[in-house]
Amino acid sequence: MIIVLRAGATEGDVRQVEETLRVKGLSAHISRGVERTIIGAIGDERKLDPELFEGLPAVEKVLRILSPFKLVSREFQKEDTVIDVNGRKIGGRAIALFAGPCSVEGKDMMVDIGGSVAACGATFLRGGAFKPRTSPYAFQGLGEEGLKHLAEARERTGLPVATELMDPRDLDLVARYADIIQIGARNMQNFRLLTEVGKLDKPVILKRGMSATIQELLMSAEYIASEGNRKIVLCERGIRTYETATRNTFDVSAFPVLKSLTHLPVIADPSHAAGKASLVEPLAAAAIAAGADGLMIEVHDRPEKALSDGPQSLRPETFGKVIERLRKVAEAVGRTL
Amino acid sequence: MIIVLRAGATEGDVRQVEETLRVKGLSAHISRGVERTIIGAIGDERKLDPELFEGLPAVEKVLRILSPFKLVSREFQKEDTVIDVNGRKIGGRAIALFAGPCSVEGKDMMVDIGGSVAACGATFLRGGAFKPRTSPYAFQGLGEEGLKHLAEARERTGLPVATELMDPRDLDLVARYADIIQIGARNMQNFRLLTEVGKLDKPVILKRGMSATIQELLMSAEYIASEGNRKIVLCERGIRTYETATRNTFDVSAFPVLKSLTHLPVIADPSHAAGKASLVEPLAAAAIAAGADGLMIEVHDRPEKALSDGPQSLRPETFGKVIERLRKVAEAVGRTL
Amino acid sequence: MIIVLRAGATEGDVRQVEETLRVKGLSAHISRGVERTIIGAIGDERKLDPELFEGLPAVEKVLRILSPFKLVSREFQKEDTVIDVNGRKIGGRAIALFAGPCSVEGKDMMVDIGGSVAACGATFLRGGAFKPRTSPYAFQGLGEEGLKHLAEARERTGLPVATELMDPRDLDLVARYADIIQIGARNMQNFRLLTEVGKLDKPVILKRGMSATIQELLMSAEYIASEGNRKIVLCERGIRTYETATRNTFDVSAFPVLKSLTHLPVIADPSHAAGKASLVEPLAAAAIAAGADGLMIEVHDRPEKALSDGPQSLRPETFGKVIERLRKVAEAVGRTL
Amino acid sequence: MIIVLRAGATEGDVRQVEETLRVKGLSAHISRGVERTIIGAIGDERKLDPELFEGLPAVEKVLRILSPFKLVSREFQKEDTVIDVNGRKIGGRAIALFAGPCSVEGKDMMVDIGGSVAACGATFLRGGAFKPRTSPYAFQGLGEEGLKHLAEARERTGLPVATELMDPRDLDLVARYADIIQIGARNMQNFRLLTEVGKLDKPVILKRGMSATIQELLMSAEYIASEGNRKIVLCERGIRTYETATRNTFDVSAFPVLKSLTHLPVIADPSHAAGKASLVEPLAAAAIAAGADGLMIEVHDRPEKALSDGPQSLRPETFGKVIERLRKVAEAVGRTL
């Protein structure tokens, strides 16, 4: 950590910073320039909170040298993490393909859609039983009944299932049915929920918050990892910007940036990013081209009657054709789908 | 709701929209223009999710006529909501003043700071016992011990206390000690938590999420109100933008905009918006001038040793002087402080 | 245009809107609902500025039905615009490839780099002679001398050259040397400059402003088109968001969205979007996969000595390898490169 | 400047940075930590472009110590700049009040509105003769005719006039009529225009770009100052964010932040920030409370017939009452209006 003092800082100001460093077990390297005095912290920077210094009137700015996350960093682990879920992999050369409806709406629809997407090459089923909805008057999901339908669809298709957890009180229930637990964008900084899934031995998909920086996403992953669970899959699903032509702005740069900073697999959710079925294919293709390790795509047999997210859902037959075309893009960048 | 069809939409497309409206209990008013056919929904728009129509290939856009929130709207209740907490008011002519440390760090500090801010005119005490922190390695709050210190400070000062709830599992515990429950910015769309505090008979401060629109803030308030709890205080605390000179961008327009849309009181948290002690006074003054009903200000006796948010905390003596100056601004706009 | 009146609007308010419509040559269709009165404008909406009605106290909101641009819209012209520049095409199945240094720094370097990129498959040369720089103390470009070096490189390689115009006073000068004129992101709403290039018979690359919406980009293109020049190439180069991990956020959704709204070709500038050489390839691949019609890539023989944009420039040898890999992605989506 | 090398950087990498520094006339201070090697540049950092180092593969990040602007900085000049325009001041204890229509629409209206606002205490007249409009089909201003009407209004009221310059070719014309030249938000980084007004001996109002950072605004002011013109007035007029409830987000923090970084006066344009007449008063009050040195307010005698910006214009009678109330806020913070 580098602490830059304001012009006119006194020797007393320098002493104060030195003293704070000493208390935290670090030492100071002082460099007096013509315009500014700069203090370098010698020792483990991660023990220091920049706020310790930003509060001092003589301090102009505090610059971090190291990233604040560790266990999830590429520096900590050089090789890519590959997660195995009953023989299906996330990470590695093959692109993982999660597909299914936004909400589980019934057993038959779940089993039918599950069968269709499995036939098209999906490697995981998705479906929400607990749904975060902006309006209290909107459909909130089927709860445990939905989880049972998911389990039924797994039974029939052999595909592992992923579903969202919104509340620590539902942890046991959801963990009983789900192979993979999803933490939604709105809960990316629900730290209590992160701590709880960190104690499980089950893969977790962590979606990037609507206005989370890449660093904040990694810090949330660090929360899970620091509790012991290293089976973490990051998911880019679009960020909030001033642009209103799309529901969110799909941050395609996040794939190469994340792959350089972390060893964790990173997947894409083009359906939520776009908010429109016609944009799912181009965004999915872009994600693969930019290095995504997986896709999560919403499929519904009757999008116009879906209880949530209809506009962005693909029909099963469209999904099949889209996957065929995406397969070529995957091959062009040395991956399989 | 107005449904605009694409150029070239067929009679069949019109029928499909009409049919969907009929199923939901509304009827259609069709207007065929030279360039577009437009369908107006006749009946209760709030029963309709725009997604029902956005999913149809022939639909170009869907425009809402009414706002999606109701109970919290100014249309539903004309007069301002004024919340009474043991004789102290939030809403109305007097500006509510919440003050105290970011985190409760011990009994003595809490009691000392409580005494100081009470002497300067604070009407409520604040202090966090459960702290949402970006890093798993940072101080997470004292938990129940912190709540006890808060209660002790209330005992000594006579001021009601407000503290944050992060997890539905802590609800009973927090409700036992707190007079007002705070929902933090990161939990503004933690819908399960909103539903739980909606069942309480206790005021709730709902902070605006870092990238929440004003409409989303009101929808989250509607979640609480729809469960029965109407004692809701909204809090503007800065939003995330591209500007990095301040931690957040304090959206001062939110005060007049919210006051026109809702009957709920709206307070300001200039400490979190700014992230810097020197900005607290100008932002607090701006908030009052723009119509805020209250202020929440972080005060710490030794900001440079604070376990969280030191840089933005005022010392008690500074706090006193700031309040004296803010009082003049309040009077200039016909309020008291 | 749909004009929604506030609850409680009077007959007089309705008359006032009707009267304003009549003055502009349109008529009103009035629909009185239970909660709101809605007025539809019958006639050519493009003659109306929403501000005409937003100013009225009784008006709650004004909703546009049609897009405000016309000549550049897909509705106005169904087939893709393909621009021919001395036999080289922009638009159509082949992906146009613009390459060269950020700034022209000398004749030799320009000719050398030109030769290298031509050998790798570039179809157009780029290079700045007039440079917009954030700091007045930074290198501002070689001016006319730079234009001459560009012309020399064109002579040697046979590739048409594109260069930026910043000032209407330089129009004749730049037009004398350049085959394609580039309007930079900072000048996307320099309407006087747009009007001037609109009078030329020369292709114009219009870069999206740093915080321009897709609609604003199209309105700026409409400025050029309305003066007569229809040879317009749109360019996505990243937008400004809260994320700081990349210089800009590359809005990859802009390709499919723009291709649906306009008949103009849309190219990508992954170099400026990323600000880092290592991100150029993944972003270029993503752009192709999402439907871009061309790429603009910065190439420099000694990036570490470049007078501008060194960090994001590729060396010629790297460029060659990148293009080889991108070619496979282009083929996977049915394009050539 | 601090240059942080990646983990694993070699001695050769260190030499390369040292060498680059030496070429630019600076020397290197090398500090080898356990996890990173850090190189501090000793000498005048402003000669260095961070890009020089960001391009090197071994460099992880480059941190500036000093701000990149100088002449406009508070460090360069401690005392506030006060600009005198024919006896009227901008800067200092009295708040400057610019008022008038968005566009000059005719002589009578300009003279009438001028008279009205002068009577209410305006100290400067504003009015646009050249208008930047998003649509090529919208009213573009009266040009020289409008300038003449402005001059006429000055004649009658005795108030200096401010008007926008959009094109360097209009410089002589506009400078002939205007007392103060305004550079609009869309031209904040039109560097050629900045350079031209930098050569004048006439005050310049520089509006913050829609997505400009505070640092970029100061760099644009530096452009003007570096040409010799130090009579610069900065203007906050709202920034672009994800929030759509207001046209722009008024960044009220910009006042205290700018006042700490620069000696230049900073004024507020609440009319453009809000986009709605009803928001002008609360935002103006907030600006004054936060330390603004002036206000620029749009006034129109018939807002519903205004050729531009009607919705945000105040009627003269409303303007008078608003100013009376704002006067109290000004007095509360020790200013006059």
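A few comments on the model shown:
Going by the order they are written in, the chains are A, B, C and D; count residues from 1 in each one.
Definition applied: a residue touches a chain if its C-beta (ideal position, glycine included) is under 8 Å from a C-beta of that chain, and two chains touch if they have at least 3 such contacts.
Bear in mind that the values here come from a model prediction, so they are computed numbers and not experimental data.
Among the remaining chains, the Cα-based centre furthest from that of chain B is the centre of C. The centroid of the Cα atoms in chain A and the matching centroid in chain D are 39 Å apart. Chain geometry summary: the mean Cα position of chain B and that of chain D are 31 Å apart. Chain geometry summary: the mean Cα position of chain C and that of chain D are 26 Å apart.
Residues of chain B in contact with two or more other chains: 211, 240-242, 244.
If each chain is drawn as a node and touching chains are joined, the picture has every node linked to every other.
Chain C contributes residues 211, 213-215, 239, 241-246, 249-257, 260, 273-274, 278-279, 282-283, 285-291, 325, 328-329, 331-333 to its touches with chain A in the complex.
Of all residues in chain B, only 16, 20, 46, 49, 51-52, 54-56, 68, 132-138, 140, 166-169, 186-187, 189-192, 195, 210-211, 216, 219, 222-223, 226-227, 240, 276-277, 303-304, 306, 308-311, 313 touch chain A in the complex they form. For chain C in complex with chain B, the touching residues are 2, 4, 7, 29, 31, 33, 35-36, 38, 40, 42, 63, 65-66, 75, 211, 240-242, 244.
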